[in-house]
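So that you can tell them apart, the chains are marked A, B, C, D, E and F in the order they are listed, and the count of residues begins at 1 in each.
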Amino acid sequence: MSDLIAEESWGLTDGVLISALKEDIGSGDITSSSLIPENHISRAVLIAKSGFVLAGVPFAERVFKLVNGGIQFNALKKEGSRIKAGAVIAKIKGDTKGLLTAERTALNMLQRLSGIATLTDRYVKSVKGHRVKIADTRKTAPGLRFFDKYAVRIGGGSNHRYGLFDGVLIKDNHIAVAGGAGKAVKLARLKAHHLLKIEVEVKNLSEVKEALSAGADVIMLDNMTVREIKKAVDIIRGKKPGLIIEASGNINLDNAGEIAGTGVDLISVGYITHSVRAADISMKFN
Amino acid sequence: MSDLIAEESWGLTDGVLISALKEDIGSGDITSSSLIPENHISRAVLIAKSGFVLAGVPFAERVFKLVNGGIQFNALKKEGSRIKAGAVIAKIKGDTKGLLTAERTALNMLQRLSGIATLTDRYVKSVKGHRVKIADTRKTAPGLRFFDKYAVRIGGGSNHRYGLFDGVLIKDNHIAVAGGAGKAVKLARLKAHHLLKIEVEVKNLSEVKEALSAGADVIMLDNMTVREIKKAVDIIRGKKPGLIIEASGNINLDNAGEIAGTGVDLISVGYITHSVRAADISMKFN
Amino acid sequence: MSDLIAEESWGLTDGVLISALKEDIGSGDITSSSLIPENHISRAVLIAKSGFVLAGVPFAERVFKLVNGGIQFNALKKEGSRIKAGAVIAKIKGDTKGLLTAERTALNMLQRLSGIATLTDRYVKSVKGHRVKIADTRKTAPGLRFFDKYAVRIGGGSNHRYGLFDGVLIKDNHIAVAGGAGKAVKLARLKAHHLLKIEVEVKNLSEVKEALSAGADVIMLDNMTVREIKKAVDIIRGKKPGLIIEASGNINLDNAGEIAGTGVDLISVGYITHSVRAADISMKFN
Amino acid sequence: MSDLIAEESWGLTDGVLISALKEDIGSGDITSSSLIPENHISRAVLIAKSGFVLAGVPFAERVFKLVNGGIQFNALKKEGSRIKAGAVIAKIKGDTKGLLTAERTALNMLQRLSGIATLTDRYVKSVKGHRVKIADTRKTAPGLRFFDKYAVRIGGGSNHRYGLFDGVLIKDNHIAVAGGAGKAVKLARLKAHHLLKIEVEVKNLSEVKEALSAGADVIMLDNMTVREIKKAVDIIRGKKPGLIIEASGNINLDNAGEIAGTGVDLISVGYITHSVRAADISMKFN
Amino acid sequence: MSDLIAEESWGLTDGVLISALKEDIGSGDITSSSLIPENHISRAVLIAKSGFVLAGVPFAERVFKLVNGGIQFNALKKEGSRIKAGAVIAKIKGDTKGLLTAERTALNMLQRLSGIATLTDRYVKSVKGHRVKIADTRKTAPGLRFFDKYAVRIGGGSNHRYGLFDGVLIKDNHIAVAGGAGKAVKLARLKAHHLLKIEVEVKNLSEVKEALSAGADVIMLDNMTVREIKKAVDIIRGKKPGLIIEASGNINLDNAGEIAGTGVDLISVGYITHSVRAADISMKFN
Amino acid sequence: MSDLIAEESWGLTDGVLISALKEDIGSGDITSSSLIPENHISRAVLIAKSGFVLAGVPFAERVFKLVNGGIQFNALKKEGSRIKAGAVIAKIKGDTKGLLTAERTALNMLQRLSGIATLTDRYVKSVKGHRVKIADTRKTAPGLRFFDKYAVRIGGGSNHRYGLFDGVLIKDNHIAVAGGAGKAVKLARLKAHHLLKIEVEVKNLSEVKEALSAGADVIMLDNMTVREIKKAVDIIRGKKPGLIIEASGNINLDNAGEIAGTGVDLISVGYITHSVRAADISMKFN
């Protein structure tokens, strides 16, 4: 997982993991400090207690190593694999106190990320057979965007822009202040660098036409009905076949397939990161 | 909200909010920088798009102020109040670019915390009429423990220990390594400071008896059936009426009331912080 | 300068300015501490000692305020204005010790940024009459990218991507490892998010053709002669009129105009940030 | 290079290098992440594309290692050696993605520091045959003082004080506020610790005499003509032969030799750090 | 010392040690940098110059390793052992410059902590034969609480609560604002989590009775005479035999034994951390 | 206290105070949070419970303000004034919870610094009538050097160098490695910047002579008897009347006066910072 290691080496992910450890450990793990003898070694396993798509193992491993560099962590399952209840995800061996001190922080991350991957996977399956991507949004837990977006990829989804800095997305408020969609796209084209495409969010068909004539590279159809989306796609494909079309807003597992059928390129879903159901995983000594 | 202000002033919450802003803003909000003129002022509202128990307004306000100290934020609803769809939560006025740059980070926090408060509130209601507290666990989003536990209180729940440092909770692994429940409690009593009670987690009635004779101050009944819990409560109340009894593990909205009926003092629920469903809130300019 | 203030408020620029102050002040400004009485107030001016394009005044002001919040700073010249030797750039008043302690750090930033704006301005003038943008590169002073790129904008230049995270730029090494330009563009299109265009760097006309058929959105002509650039532009415009063309590598004030004449859209110049000649500015008490 | 390693180990230089990496990498190197397979290994060289005095190799190496600890870096040239165009400075081998991610940050530092060493070297040569030292000033790039001053030493120059904290340098503003040069020197002697010499900056011969009778340990002749400097040296040597004399202000490669001929001990030059011309170095895969 | 290593690995102690090194080393150890050749290796010993109880060796070792990871540190004496003047505490070998640079910071910590352990040990001895614990307070050096409390344990003392966050201690001001001891205890019981005992500080016998009826778990007798303490103990033991009694305030080596004789459970002494006499230790090359 | 404010504004002292607050407050002041109503205001005083020389009031004030910016702090006594038991040092008014949360951290700093100032003052008095300065050493509490040295100045003492970076002090180990005192001084003169004097530590009269002929600017007589010191002073004054002489090592209140009588310029005392006896100060509500 060299990708990840490179990220860690310059501190983005380590920073978050260390903060998470600090908030849990504070001035010390008093239970383990009181009860566990020095240099006591244990073996443990991470076990699935329900079925899910696995994500976050490298971060769980890193948490254990941050607490005690001597802990050995042997992952038995790959990121993205489908896990059944009862499966052993990883075998761990090392300083008993270190294992107990790291346990909750490692599991909290692993359970959240597996929850995200699992839900993403369900959305991806719901649009199977269509040429559409399921994408995330910026509706991630504060401070955890890198991790949440990583889990979306593991679950088979695509990432939308990471933040406000790596993509131009013009919404109604921007258009109102800029004085029209045309002016807004022109201004963005002038000021944003040349490697960024310009996306415009629209709410109805008349705005679709405005965005088209304004020269948007990408159009986001926000909160439209399936019928409206279908019409919007027809209009856009008629004028600019290569333009990217994104659907967003109130998309759930029930309607995602139908929306995918309209021919949009991208369906973005806030739900997969803002309303996560944690996977059930625990650490057992053996 | 002076409590909160005091916390913020020494940096715990500000640190998290600033990290969240940084991950979203990175090298700059290019859309707003490109389109919004300098010194442009807007008015906006935060609107509920579904019903929920409100939590996190002071943090949302703080996010806006961190981005631009001149933004005025006028909360119309109190923390903990029941919000209906369509209600205006706050009126905001200030630098347009600042409002747009802060929007997502403020909402992400507000939606998560209101989601936690709402779910906690449902658990609290489900045990109405019983003298039991609904408590949280350490199963919070990494880095967000302070916020998650704050939202639990707002939702009417109680906090369990904050982390590994402010409470002794002896689990089976500790007992195994220490050489028995009795030895474990004795060691903890010796090494932990005198203001900390000692809680022992048990899995069945025979462990309940061990914990009792070991001298635990608090006993946690983990993953027991309602019947087992009832028996355990009877045994404990018979021997040490004042001892605190906590039920934990696989407790949901369906069985919480029944468990409360067993007479336990505390029901702790991981679900209210690890499987949050975000409240639906948006910012609208007007 | 609300743009800037918003940036500062979430800490990116303040972090750098504080580091710069700390490296200069260390354990204290011993000369001023020894000689300047408490509560002594002075007036001073920032004076140009040579001609240049002004950039960085808001940062100079911020440095003074970081050292002593009571210092008043009154800018007499606007960012981007052409300054003549002898002109007063700003009037400052406040705690004498604060002024002396902040002086060098404020001037170091102001002199560097004005140097960048001045050189950028010369490049912009050298391509006057052409529809080409002068752009910067990532060849900035380590730690100062935000500031260096800001000064390029003030000098009339355009920014290229900020870093490795907000633009895809495929170079020969990437192509070699990916197994050809076509494969590389396809992979990038698959993995990078949909708001990012894909630029391919080419060294000769045969690579230009490869990049074209690979489907690049932007082509960078690297280190080519003016004649080659002209030919490349003709080939590209013939096939894909709307594709963005960038010229880069060994471009100087002597050949920039001629290159601009080839019809490229963008000329990127490392020189304007990696080989800065500081503007001459000093602080005088009065 | 144990000196350097010791510095790094307590974080001063690593802090700057990590900040520089973070501003370039941000949320991730999307091009390399998209195109380079995991565990792909490459060999590369750092090649000089012009002639210069080499400085900064240990920092370039450190940048690669910070991104990926497994990268092997083999320096072929020593710090301070004269490099010809085409020379191979170092051979590098390791994770391809890591090499590409670190490349620009490593080169930015190496090119700047070699630029400083090269210019310093030219100044040192221009005063050859004289017993004078070429010294730097505090006119360094904000945040890079340690590195800039290191490069000056490598180029054969001497360091002046590092910052405001490790040397007393009394300027006209200090003297005016303190009420005369004599009072200023007396105050500084009283308050600064006993291991610090006291330098006074003077603008003309009458101030030279004042500084002499005030008891300065070092006199800086600021912005004087060669003739004035000569006279000042004669006056000072006549009264206090051992006093250290520094010339500063508007000293360039044309007049440095002549000024050295006046017998001053030290010539300080802002130009060598504030107006650096980057050395031309690139990384090539092979 | 795996306990300690675990702590260090998540940064609490390293953060303080690095800050201490930075304040001493600043921009560099100029004496050693000037005089010590690169790669020069020395052997040294840490020698006691007076008698004391040893504490802090792992931290001293860590300081040397932070400065230069290659330094070998061989502790000859165990934490908590009684050291005689002249004894060799540790043998060290490594980079000469690193040894000299780290020396003072390592010794400052070792001398302070040994001073604390030594004084704690004297208090512990002064109450020998009694079933009482000597405890510390929060009167530690700002920033050094973890270290100071560690040294107390090494000296045979017990830790009181670590800070404001892991123990409830109600003082007169709290009681006055809350409206009486009874109300205060009830409120604390309601709001603090269920694993925290509640201690009430009292100044006289009437307050002792109030605290008893208020339901305190622990009573602190503050600044009482030995006679009053004796009476208070009798009253409390009469009513609630198991309640923990702490004596505090103006306790010194002369009266500690007598106070212990009253039957209190805990004697807390600010003196052992706020008025430390450093042990005399030096580093000698050999 | 503009000196101090300037320091604070760039974060050196604030950094330490915030760390100290964080170690005490951690996840929150549970006692005050539970018992004190919101917006409750109290008045309090800081009262001396013993006699001492006051130091650290601005830092105590800053601690209160960091916790709650609305707290008013009115100092009634000046830094350096002699305080009698019972005297009111400051009146404070503000948020009750804030006052209680800040109390211990503010007092810990104030008590330590006043302890240092008081002991320094006793040493200064013990050498009254002599032209000698009492100076501190680097034997300060880890992390608190700025504060400890500040308190020494308030107590009438002088500061020695701040750290390893702002003064050259050559000890026996340096001399041994460098190959003699003469070589060592020459090397230091070459490599350290020209504003630093060079001090050599000597242990006996033969070393005094070596240091003299080596050209030291300052000689430190380490651990010599009063008789030896007297002889050394005579030798040095005979050869180089202006050379600064420092006595150090095992100097206490009993022998300081006698040593001062030998005519040394400086007596440095580790005791005043490494073996502090805290002044007795408390906060009372009224």
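Criterion: a contact is a pair of C-beta atoms (placed from the backbone, for glycine too) under 8 Å apart; a residue touches a chain by one contact, two chains touch by 3 or more.
Everything quoted here is computed from the prediction, not taken from an experiment.
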Subject >> Label of the chain whose CA centroid is most distant from the centroid of chain E >> reply: C
Original post:
Looking at where chain B touches chain E, is over half of the residue numbers used by both copies, so same, or under half, so different?
Top reply: same
Subject >> Contact-richer chain pair [A-F vs B-C] >> reply: B-C
Original post:
How many angstrom lie between the CA centroids of chain C and chain F, rounded to a whole number?
Top reply: 45
Subject >> Centre-of-Cα separation between chain F and chain D, whole angstrom >> reply: 33
Original post:
Where the centres are mean C-alpha positions, what is the separation of chain C from chain E, in Å?
Top reply: 53
**OP:** Mind pulling the residue numbers of chain F that touch at least two other chains?
**Re:** 23, 25-28, 33, 101, 145-146, 162-163, 165-169, 196
Original post:
If each chain is a dot and touching chains are joined, what shape do you get: line, ring, star, complete or other?
Top reply: complete
Original post:
Which bits of chain E are touching chain C when the two form their complex?
Top reply: 23, 26-27
Subject >> Of all residues in chain C, those that touch chain B in their complex >> reply: 1-3, 5-7, 9-12, 145-146, 162-163, 165-166
Original post:
Which residues, counting only chain B, touch chain C once they are in their complex?
Top reply: 18, 21-22, 25-29, 33, 38-39, 66-69, 95, 97-98, 101
Original post:
Tell me, which parts of chain D touch chain C in their complex?
Top reply: 16-17, 19-20, 23-37, 40, 42, 96, 100-101, 104-105, 107-109, 111-112, 115, 138-147, 162-170, 172-174, 176-178, 184, 187-188, 190-192, 196, 270, 274-278, 285
**OP:** Show which residues of chain E lie in contact with chain B when the two form their complex.
**Re:** 133, 135, 158-162, 165-169, 193-199, 217-218, 244, 246, 265-266
